[in-house]
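Take a look at these structures.
The same subunit A turns up in both complexes below, where it pairs with subunit B and then with subunit C.
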Partner chain A sequence: MQLTLEFGGGLELLCDSVKVHNVSVDMPKGAEKLIMKDLLGWVRTNLIKERPEMFMKGDTVRPGVLVLVNDCDWELSGQLDTTLEEKDVVVFISTLHGG
Partner chain B sequence: MEPNGHDEASRILHELQSLKATKSDIDRRISTLESQLRHLNLQNGAVVKTSTLPNPITAVHHDLTPEMIHRYSRHLLLPSFGVKAQSNLINSSILVVGAGGLGSPALLYLAACGAGRLGIVDHDVVELNNMHRQVIHTEAFIGQPKVKSAATTCRSINSSVQIVEHHEALRTSNALEIFNQYDVIVDATDNAPSRYMISDCCVLLGKPLVSGAALGLEGQLTVYNYNGGPCYRCLFPTPPPTAACQRCADSGVLGVVPGIIGCLQALEAIKIASAVGEPLSGRMLLFDALAARIRIVKIRGRSPQCEACGENATFTQQQFQEFDYEKFTQSPLTPSPLKLKLLQSDSRISSKEYHDRVANGEAHVLVDVRPAHHFKIVSLPKSLNIPLPSLEARLPEISSALKEEEERNGSSSAKLYVICRRGNDSQRAVQNLHKLGFTSARDIVGGLESWAHDVDSNFPTY
Partner chain C sequence: MLRVFRNEGRKGNDRVRKLKWKKARRRSRRRPGPACAVSAIRKGPLSKDLKPYSRECFYEVFEEEIHQVIVENQLFKPRERVAIGASGGKDSTVLAYVLSELNRRHNYGLDLFLLSVDEGITGYRDDSLETVKRNEIQYGLPLKIVSYKDLYGWTMDEIVKMIGLKNNCTFCGVFRRQALDRGAALLKVDKVATGHNADDIAETVLLNILRGDIARLSRCTSIVTGEDGPIPRCKPFKYTYEKEIVMYAYFKRLDYFSTECIYSPNAYRGFAREFIKDLERIRPRAILDIIQSGEDFRISTFTKMPEQGTCERCGYISSQKWCKACVLLEGLNRGLPKLGIGRSRGPNNDHKKGTKETNGAKSIESKQCGTLDF
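Let's look at the complex of A and B:
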């Protein structure tokens, strides 16, 4: 499945400072769909190069990270259970505090 | 300044003050007379209606003075803003917390647009190394309170706005009392505990909150607690780890980025105060300056489980006043540079002592563990830049540098010193070096900042 993954708010530093990743992610064996829970595991294994604890906590993203699926908060689409579709855009953004 | 120049300046200042006092007295009298006249015209409404030549004053059905009509004419000409919205704005009060990178542009526009009362909270002073983004302050105010500086600029832009100076740090002890005096709150602060505290206080008092943040080349903006929308805790029920809370003083920020977010904060505050348009509630604006992209995303609504504003929330003003936001977020409300003490004193030397040793020709290697882009700003002569994360991988470079130094000096053991910006990373590096066999490595206390302070006052600080 072709997906566009974007990292912002400093999270790009965990993946070689690259903000936009066009990736191809396979469905888990025997599964009929790809959900966000699967994608998080894939990102952690394939894109996160350092300090994975700055991206994830347990099986979800760490506090302070917003996840957007097609420009919409993943809280509105089922969080970890959100089903992904071809060409979806998933954004991971760390909340900023500076000013 | 010459003594008589000084006298002249104080004479002018004195005259200015007295003229301004007279002017505001005249303005007050004009306003009173106008209001009396309006009142009389209203009473004589029937007469005016039958008159063939209507009195022009009777055509005014709002409380904008002639001066206001002239000043805000371009607002009044906007069909979607007009007299109603401007009157709303003039009768509103807006509080800006923080007169820094976000607060500066926000305050400039809020003063210019004619908000009736404008409050400014800040405890800090104007500093040269913040002036690239804190555009409300001028060089003459360096070292003086930001609140005083910002208020002076606001008053010089628009003397008809009432500017209120809150020269104090926002705390749970004063937040309720201060926020109570305003209709709209603008969060222009720079740290996580303040953001939670401000949001909670707005929830308790039912105030809409315009929240902006900027760091590096990115910015974020949303409106919290507006018309049933989410609060900060709905989005971020658990605080982030402290390592995720970067500061402009450490990570840098392009000045215009908070400038843009601060302007957008002013816009949202104006929309709410004047009751026009659709505030950015339930949505968040994400700004990426490098990619030149603004993205507006839909965010969750009010969370029924939210501890501050949810259905079963029991958070009271009393609890707010006792809540420890610094403990909750594990970060200080007024961030100051970290001062670690990881090493015993025999593993450290002062910058002065290091200077003396260099002067005496001691055989040594100085490793600078700052990131490469810091090293490019300024460094000590002959220092070897090995950024902390790559220290372990580049140990052979240190070994060969020590060996070269020993050969050059004909000494049997060259010393190893480590320096960084402020003396924290250098301690972490020395701890690692000790474990990796370089047991005599020592760090320079206070880093390059102490070098600039104690040894070479011409050495640039950043």
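Let's look at the complex of A and C:
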């Protein structure tokens, strides 16, 4: 599945200072869909190069990280259970840096 | 108060909208529809507002809420000159943008300026100042930069070279507060507006409680401070969630700088921040409740508040013989950088023994070092 991932607010520093990543993510074995929970695990393994604790806490994003799926707050779409589709755009922005 | 986002372009009432949420989201996300038809959604100040807003509605509610805060608290008077403390970070960038917008829209009649402090931190402040310089052009606001080097003869890089990474934020915080006042005086402004948001203030409340700093606890929630000092400060974002500020900046594509100060080792403050974010996730209102708690604390009559005077050396407001900046500078220039930190001896210790130190070394600055602060 082709997805566009965008990192901002300082989170891009965790992945080689690259803000926008066009990626291809496979569905988990035996699953019919890809959900945000799967994507977070994938990002952590494949994109985050340093200080993963700045991005995740437990199995979700660290509090203070804003997540938008197609410009929509993921709190509205079910957070970890949000289903992703082909060409979706997922944005992660840290609110924790600077003023 | 906390708003969340939905995509644009659906009509109908909220209830139906919520029920059809998933379907509608799928339909609308490929081709953004017309602007939101519902533009008058107001939310109860006591409820956790998870109502979906369109972008346009969100902008409007976000901006008008700040307008309300400005009006209700009479933060500005017509024809005042106001400096926006600009660090290049998200809060001050959004503040500069929103204030110039509201100034136009509601005819505040303000003369707005950007005021930045150059601490002299290579790879951090020099970069963020580039952002402020772009903001100067983007928003058409005159910019004034005051530097530690000019004011004190030392850059933060030089200070850190001398004192190491311990206590450097004390220097940074004390110097910055005074630098902002000096810059404001140069600009001849009536007021300084800073970008402190609800999360920052809640964090400061917690830290002041943890340190038992009652004097600061009662002051830190005030929307206007320093009315007795040279130039009053106000915080138009006092009730604005950090999350909303970041969301606003993202959707408006505002140009801001988001790298942490390289000299920012304050783990204690980091914990408070994280704690607040944890609470917010469970109950967003917790942030406003903490501010409310801070406001409701009253100073007991037994706590002696320091008297305000002026520094014998530089004339800045001070409750002691010398202001904190002068004590710290004296230490730096004499090669005794510990002077003025904590309980070490300095020119102020010959009098007022046992009085609580309240003008600097023990202060808590909200947020990372390197952002404009109290």
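Throughout what follows, the second predicted complex is superposed on the first by the 95 of 99 C-alpha atoms of A that agree within 3 Å, B and C clash if a C-alpha of one lies under 4 Å from a C-alpha of the other, contacts with A are read in each partner's own complex, and residues count from 1 in each chain.
Here is the rule we go by: contacts are C-beta pairs under 8 Å (C-beta built on N, C-alpha and C of every residue); 3 or more make two chains touch, one makes a residue touch a chain.
Since the structure is predicted, the reported quantities are computational estimates derived from the model, not experimental observations.
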Partners on subunit A (subunit B, subunit C) - clash or fit
clash
Partner chain in contact with A:Gly10 - subunit B first, subunit C second, else both or neither:
both
Partner chain(s) touched by A:Pro28 [first = subunit B, second = subunit C, both, neither]
neither
I'd like to know which partner A:Ser77 touches here: subunit B for first, subunit C for second, both or neither.
second
Looking at A:Lys19 after the superposition, I want to know if it touches subunit B, subunit C, both of them or none. Which is it: first, second, both, neither?
first
After the overlay on chain A, which stretch of subunit C ends up in the same space as subunit B: 24-32, 96-104, 312-320 or 348-356?
96-104
So which positions on subunit A get touched by both subunit B and subunit C?
8-10, 62-64, 66, 68, 71-73, 75-76, 91, 93-99
Residues of subunit A touching subunit B in their complex?
8-10, 19, 51, 53-54, 62-66, 68, 71-73, 75-76, 91, 93-99
Of all residues in subunit B, which touch subunit A in the complex?
98, 100-103, 188-192, 195, 212-216, 218-220, 235-241, 243-248, 251, 253, 258, 261-262, 284, 286, 288, 291, 295-300
In their shared complex, at which residues does subunit A touch subunit C?
8-10, 13, 62-64, 66, 68, 70-73, 75-77, 85, 91, 93-99
Which subunit C residues qualify as touching subunit A in the complex?
4-7, 21-22, 25-26, 29, 50, 52, 55, 87-92, 128, 195-197, 199-200, 242-243, 245-247, 250-251, 257-261, 273-274, 277-278, 280-281, 367-368, 370-373
